[in-house]
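By letter and in written order, the chains are A, B and C; residue numbering begins at 1 in each of them.
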Amino acid sequence: MSDGPLNLRCEAVARVYGRRHVLRDVSFTASAGEVVAIVGRNGAGKSTLLSILAGRRLPDRGRVVVAAGDRPATPSETRSWLGFLPHDLLVYPDLTARENLEFTGVLHGQPHPAKRAVEVLEAVGLTIDADRTVRTFSRGMQQRTAIGRLMASGARFWLLDEPSTGLDESGRRWLLQLLTAQGREGRTVLFTTHHPSEVETAATRVLVLDGGRLVEDLPGGLKGATAAFARVDGGQP
Amino acid sequence: MRTKGGFTPGWIGYGLTVAAAGFLAAALYMVFFVAPKEATMGISQKIFYFHVGSAINMLVSFGLCATAGIVYLSIGSVNRRWADIADAVGVATAEVGVTLGAIVLITGPLWARKAWGTWWTWEPRLTLSLMVFLLFLAYLALRAFAGSDRFGRSVAAGLSILGIPALYFIHVAVDRWGGAHPQVVYKGGLTQIDMRIAFGLSVAAVFLLATALSWLRLSIERERQHLDALYLEVDRRLG
Amino acid sequence: MDEFRRYLAIVQKDLRVEFRTREILYTTTLFALLLVVIFAFAFLSDAGKSRDYGPGIIWVTVLFATTVGQNRLFDRERENDCLWSLLLSPAEPSTVFMAKATAQIAFAVMMQVPTILLILVFFDLGVTDPFSFIAVLALGNVALGLVGTLFAAMLMNARMKEVLLPLVTYPIFVPVVIAGVKVTAVAVGAPIAEDPEVWLKFLAGFDMIFAVVTVVLFGRMVRA
């Protein structure tokens, strides 16, 4: 199916809101195996960037290219490879966790949606609550369902907007391990965060957004996290 | 590059305005001083000239609006410049179309009162005019309330496109539906050459007026888009 | 084949949520029944004339209650931005549209069966031509479903969508209502000289053309 390692290219992407730029010519390439943290102050354009990468919104200038090696992906390949976890979780509140995951599996053409749903429920720790509707869940459990949605979809690129929202401390550790594992398995992860510890633990690379501009592109780990957040907090009074 | 030249009315706008004024004056002169009084309808038959002129041009406006919608949805996502132009044409023609529709729907009952003794009749052509008017109003309501961003624009463009088959089916349905009513033939009155000249001049005058108004409205809309682009350019350079 | 499985999955998802919450069927059916009662008080003075206004009452009720249901069906997709979980999946936009239209038409029909039976009883209408009666409702519902689904989806996030949806769709529904009332009138034995077959063909043509146009437009409009 894939001919060459997958990569996601963001080429001079700009997005306008009214008479103001939310993103200004953001360019970078994310390759297979990378876990990229996107940091920046509120309003720096992190969520907008993710939703453009995911195809939820269109850029006003520039473009996003998903490619297998040098071959650009077809629209349907692009949609099946990209997995998106925004603040609005994209899970149906009146379906159970299990039904949501099975539904995702079928939509994404996965071979055994029901079997996969059981595995994913186990992995996200919702086996006991699998047959409760998502509406009755706490925010943290809803977040786990939405993360499970990414796993069930078989996406090759994971785009997560503040994925640790609502998770408790152990949940957060579990999430960071999960993201790291995805990178090791050759997937590409991009996530936004406000926590230096998350960058330090999981990220192999950090992008800093400021005023819609990509201002830093640093390696992950402690050094990168420290430098990135120095830059984020730098402008603040 | 992005900062140069706006989209002022220019000589086309002024030329159209002057031509429209000239034709209007000539048409009015022909209608009231040259064309003879019609035998059965008397003076009120003269409503007909501008009534039909407006109706024809309303349909032309609708056709342009729908064409702009097709352009917007087919190449708009690729070429932003064409998208902006198509969108501006859509607004301009829709607003002028509503104005023409209002003229049709005010003059229609005036005529109907005299000719058929009733203010309103569900005569097929009058009904069709009413439906075009309502579709235009819905289009403008969408533009006003569904957001002026790209999404709101595309929904409005979609409505204008759907309007084409819709109006066809409305036309067929209303024709059959009204089949039981007596069909009054409009054109029976145009027996004399002066009447035909007056009629031709009226249609042309309304056409020029509609074109001039559309052009001016288009200029304003393009100017507004240009202003937005300038703000964005400033924001891009300063930000 | 994959697309057909996706189509079925989306329809099944909507039916499952509906049978779990019963929101749409419960509210639209009750609304429709209340409309019928109001119409009865407003029009029912001379039972002998019910064949004149009965078909109109059927179609006005169908139209109003269906529009309410169309807005509700997409409220469900708006929560958690769920419509985008469909549009961002590998499913083609046309598949998503057809599935949503199918679910919408299914709910509309389920709501209309008790409502129309009640109208027939309340207004003492007898159906003399059941084929035309059912055929015109089926074709009419397809027409309402296609156009309604398109704009309900597009206006999902708009302010004032409850008013905007009928504002936009009703002018387009005019020929459907005209054809519907004509055929229904013949089917309940009203003394008018109309050939129901002509109107049924007319509606079938409407459905076919709008099926093509709405599917194409949906794909275009969501990507704009």
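Note that in this section a residue touches a chain if its C-beta (ideal position, glycine included) is under 8 Å from a C-beta of that chain, and two chains touch if they have at least 3 such contacts.
Everything numeric here is computed off the predicted structure, so don't read it as measured data.
Taken as a graph of touching chains, this assembly is complete, with every chain in contact with every other. In terms of the distance between Cα centroids, chain B is separated most widely from A. Between the chain pairs A-B and B-C, more C-beta pairs are in contact across B-C. With centres taken as mean C-alpha coordinates, the chain found closest to the middle of all protein C-alpha atoms is C.
Each chain gets a centre from the mean of its Cα atoms; for chain A and chain C, those two points are 39 Å apart.
Put simply, the C-alpha centre of chain A and that of chain B have 49 angstrom between them. Each chain gets one centre point, the mean of its Cα atoms, and the points for chain B and chain C are 32 Å apart.
Multi-chain contact residues, meaning those touching two or more other chains, occur in chain A at positions 58. Each of residues 223-224 in chain C touches at least two other chains.
Counting partner chains per residue, chain B has residues 77, 150 touching two or more of them. Here chain C touches chain B in the complex through residues 147, 150-151, 154-155, 158-160, 164, 167-168, 171-172, 174-175, 178-179, 182, 198-199, 202, 205-206, 209-210, 213-214, 217, 220-221, 223-224, going by the rule given at the top.
Of all residues in chain A, those touching chain C in their complex are 54-56, 58, 76-77, 79-80, 82, 84, 86, 88-95, 99, 103-104, 106-109, 133, 149, 153.
Here chain A touches chain B in the complex through residues 16, 19-21, 24, 58, 60, 211-213, going by the rule given at the top.
Listed in rising order, the residues of chain B touching chain A in the complex are 77, 80, 150, 228, 231-232, 235-236, 239. Listing the residues of chain C that touch chain A in their complex gives 2, 5-6, 9-10, 13, 16-17, 20-21, 76, 79-82, 84-86, 88-92, 223-224.
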